[in-house]
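Here's the structure, in structure tokens; my notes come after.
The first chain written gets the first letter, and so on, giving A, B and C; residue counts start at 1 in each chain.
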Amino acid sequence: MHLVSRLKLHCGNVLRELVKNKILFLMLSPVILYFVIFHYLVMPGAYVAFVDFNISKGIFASKFVGLDNFEFLVKNGDLWNITKNTLLYNFAFLALGNVIQIVFAIMLYEISSKWFKKISQSVLLLPHFISMVIVGVFAYNMFNFKTGFINTMLVSLGLDRYEFYSDPGIWKYIIVAFKIWSATGYGMIVYLATIAGINNDLYEAAYMDGASRSQRIRYMTLPMLKPTFILLLLFGLGGILKGSFDLFYNLIGTNSVLYPQTDIIDTYVFRSLVGQFNFSMGAAVGFYQSLFGLILVFTVNLIVRKIEPDSALF
Amino acid sequence: MKGNKMKYPLILSSVMLLGSLLAGCSSSKEENTSSGSAAAGSSSASGSPAASDKTVNGVDISKEAKLVYYLWGSAGVANKDILAKINEKLKKDINATIEVKYIDWPDVATKYPLLFASGEKFDMSHASPGAAVSYFSLANQGALVDITDMLDKVAPKLKAEIPEQTWAGAKVNGKIYGVPSLYSEFTPTGFAYRSDLLKKYGMEKISSIADMEKYMDNVLANESYPPINGNANDAFNMYKMLVDTTDMWINAPGISLTELNLVTKSPEDYKKVFHPAFTQEFEDWAVKMRQWADKGYWPKDILSSQVDAGTNFRAANSAGYLTHAQDWIGKYGTDMKAQPESDPFFYTFAEANHKIKRKLGVENSTVISTNSANPERALMAIEKFMTDPEYYNLIQYGIEGRQYVIENGVKKTPAGFDDKKDGGGFAAWSLRNDKYNLPMDTENPIRNSLYEEWNKVAINDPYMGFSFDPKNVTTEIASISNVNQQLGMQLMLGKTTKDPKEAVAEYRKQLKAAGIDKVIAEVEAQLANFDKIG
Amino acid sequence: MNNTVGKEDAGSLFIKAISYLCLAIFALACLFPFVLMISSSFMREDEIIREGYKLIPNHFSAKAYELLLNNSQALYKAYGVTIFITVVGTVSGLIMMSMAGFVLNRKDFKYRNFFSFLIYFTTLFAGGLIPSYILMVKYLHLKDSLFAMILPGVVGAWSIFLMRNFMKAIPDSLYESATIDGAGDFRIYWQIFMPLAVPSLATIGLFSALGFWNEWYNGMLYIQSPDKYPLQYFLQRMINQTNIQALINQGAVINTADLPSQSIKMATAVLATGPIILLYPFAQRYFVSGLTIGAVKG
């Protein structure tokens, strides 16, 4: 009885809220409808990670096998290494990437030449359009032993050729560099827009009070960018075990000599399943990545809620 | 008034969302009729003859069937016209028309499995044990129609045309799930090399590994490009070289043949399988591969190379390339066009030990989906394509006079051929039949005589008719796949960081940890109940 | 957009100098591969294979473009398709997302945290390819429809949160004053917030447009008719030939003479990028309007 009346009360509250704010609900509805249809209706399909997928039976009628599909991840003992690699690379991309994007956004804001600003902004965005396949080809052009651009330069300087593609250690720097090169132009747009939203009058007032340019940057621009930075960080954390398959697959590809330092979860799984069609195992990995991201975001969001409640995601 | 104006965007977006769903719905009409459900309706244009009460082989063909046939590749410019001609005949004969849908080459790995897994409605498709989803998996998981009985009733001509042994190869648990091709080809792996360079070095031909090394040493000394300027894929070609040149080793099922797979000692011992990694021959081979890599037979960066040896060969950037025989034969025209002096010869690895296998028809099959609304008609269409020369020529070669002409029994490109208007064709290689196959002027003219020779000495695959069900060892296979693509690949190209013998020891350890023994046991257990055919 | 307030001191000039330098170097690093792509698209096929990509080719050959533009019908159609989905997708997306951003910011909307979480959660868990495919093809009947390329990406959680973030900057005092004046929610949104949110609309709109311009995956999955292919799918087909060799090994009979060559890949890449670069400078001017916020003070 108690439960039913509480339910009724809750429903009543919802209804009242609905009526009171009906315009707001209506305005929100297209977006909610989108997520319900394209995401929530599909989400139960993640169950396929726990079954032995059979084509004619479909996802929900296939045999339940519990955690069997996750076994291949732990069997070779590689799970720790690929998780570690994925985490480290993504942290590097996230932290370093965002910092560099902020720095560039500020730099673009601080310079005075208008045409330089416009041109460099557009040019910086070019790498975003160059597909990773072509990047891989260009990288090979740069680093290969016999005819690579860098080796040719080394030789002309009187130095020895270097076997880039046999040295795992150097690739973490190369990969991070390529990622930064590819993502900065795009990522800094958000920061640019945020800075542009800062009222110029505020800067003027600060100048009147005697603040130098660097002080203005430190005490005004940076704090203004903090909420955006935290938002992007939280989003990035949710996908901390995923992503960047294209980058790694095209730069490293089949060169297994480099794998210990450059193998990430997505490339590992791609390789494992290339000889057999096994949709469930792929989905199992996806589930692992999602779960990890979920726990991480929850934790960090809680921390953010304590420190900077306005910036928390939820 | 102002009030109305403001509501615009709100209504607009809701309508857009709704409208898109409705617009999407209208395209569904096309989807529904394409599989031609019996209820969907009567035949179309007035041109159709009185097919109303006709039956063929006991199948009621009074209602038109629209069949959907998924082929790989893409739609050439002239495909529409060729298909129109095909449909003209098909409508007359069995009151059916075909719509061809394409899965382009780069998308095969994604879209082909999706085709079956998503329950899409279509009728026919290509299938193969080595495809992204294996023919056997499809059959085992109920995605294909069991045509065993249907064949006798509906397509007796087809049943008679294909020999019993070939049908046996397509059987899964005693039932037939697909129509194998009747094209005899041989696909042993080998080394295609430039015969002009051969003559330059004063050699006659390459028929052993020693000859091959001599050729490659000469290339290193005299040419500006490497002997095998390939990519990581060549690791698996090197493995095939090992298997083919060693005793009577034959490929065995269990692990995908695109990796370092299991073998059996000889066709007679087919019930026992093992992995070569644990043999002395393998260790010796790994040492040899390292020597070859150090000598420079292939580039240092081969594991990351972006261009395959064949493409390099054609650009005069490689003295040879590794592939299978039929590919070398088929590429003859292209190779000669690019490098007219090269006239590539082929060193077949398996020839010396007489291990050239006849290709199983099931390797390229045509299957009917269980979602098809007209399985009988689909089968009848397949019968037409494989047993009627007029249909055969249309789907394989195009319209006579426009896409091809026959001169002296050889298929050639006609004089007025304009690639922009007449280019096209269907990748219907699973429907090929020796009887109607036309030799092409782009093929190596040696094909017929070579195949005749090989036909005399070829052996049958002892595993014909056996399909391995990997259900119990999917984890192990995935782990082994990983080991193969790392250390396995490195060993075969001599690129291990450790010394080869140490690396082989490590490889053996990793295979064991990945569960190779369990896989072998599973394969042997399933083989226990299998008896060799023929 | 300029931060030139008053006279410069040494430290300030130093910051500016460093900025110019860093930007110039990075810009060169971004420009160089693109220029390389363009010059390589004019190279001969065998030269590319033998000597790799070069800034100044030994032999100039426009063959790749000749071949591509001969098939120009298909290319123009692809351009048309991509432009259509970009415009429709971006505009409808912006409308939907700006409304969402507005609502999620309203402190008097009790369930905003719930809905925020609802939206965010979708970035963590997904159903996977097969369920999505089944939804799109079987239930929504979007196979071979242009909307299959528009709808899945029309709104995004990331963009919505960004929008919400930008709109946080708009002070609450505006609500109060507008409500006092008797304006309804939608009116506040349309007449007050939207003009102020122009920079964020430009930003999100740019991202959205870029996303639709680069769309190829949904095109690959759902589009069957060649005249509905988006531009980038064209490109991806050309340059993603990695598993061809594997297919040949499995027995597929592919005439590699028909496969696109290295120079064609470059030419296609150049043609596919072109127009969208021009959108960015256009959108840039909308980043400037921070001034309007100040106008509402007090």
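Points to keep in mind about this one:
Assume a residue touches a chain if its C-beta (ideal position, glycine included) is under 8 Å from a C-beta of that chain, and two chains touch if they have at least 3 such contacts.
Keep in mind that what you see is a predicted model, and the values were worked out from it rather than measured.
Chain contacts here are complete: no pair of chains fails to touch. Just count the C-beta contacts per chain pair and the biggest one is A-C. Averaged C-alpha coordinates give centres for chain B and chain C that are 37 Å from one another.
Mean C-alpha positions place chain A and chain C at a centre distance of 16 Å.
Across the assembly, chain C contributes 96, 99, 129-130, 134, 140, 151, 186, 236, 240, 242 as residues in contact with two or more other chains. For chain A, residues that reach two or more other chains under the stated contact definition are 27, 30, 34, 137, 144, 279. Multi-chain contact residues of chain B, defined as those touching 2 or more other chains: 10, 13, 17, 117, 119, 231, 233, 258. By the touch rule above, chain C contacts chain B in their complex via residues 45-46, 49-50, 70-71, 92, 95-96, 99, 129-130, 133-134, 137-138, 140-145, 147-148, 150-151, 186-187, 190-191, 220-221, 224, 226, 236-237, 240-257, 259, 262.
For chain C in complex with chain A, the residues that touch the partner chain are 1-6, 8-9, 11-12, 15-16, 18-20, 22-24, 26-27, 29-31, 33-34, 36-37, 51-53, 96-97, 99-100, 102-104, 106, 108-111, 113, 115-120, 122-132, 134-135, 140, 151-152, 154-155, 157-158, 160-162, 165-166, 168-169, 184-186, 189, 199-200, 202-203, 206-207, 210, 214, 235-236, 239-240, 242, 265-266, 269, 272-273, 276-277, 280-281, 284, 287-291, 293-294. Across the complex, chain B meets chain C through its residues 6-7, 9-10, 12-13, 16-17, 20-21, 23-25, 27-28, 30-31, 72-75, 101-102, 104-111, 114, 117-120, 128, 130-131, 187, 225, 231, 233, 236, 258, 307-308, 310-312, 314-317, 323-324, 327, 330-331, 333-334, 337-338, 359, 363-364, 420, 427, 429. Against chain B, in their complex, chain A makes its touches with residues 26-27, 29-30, 33-34, 52-58, 68, 71-72, 75-78, 136-137, 140, 144-146, 163, 165-166, 252-257, 259, 268, 271-279, 281. Residues of chain A touching chain C in their complex: 17, 21, 23-25, 27-28, 30-32, 34-35, 37-46, 48, 59, 103-104, 106-112, 114, 116-131, 133-135, 137-138, 141, 144, 147-149, 181, 184-186, 189-190, 192-194, 196-201, 203-204, 207, 212-214, 216-217, 227-228, 231, 235, 238-239, 279, 282-283, 286-287, 290, 293-294, 297, 310, 313-314.
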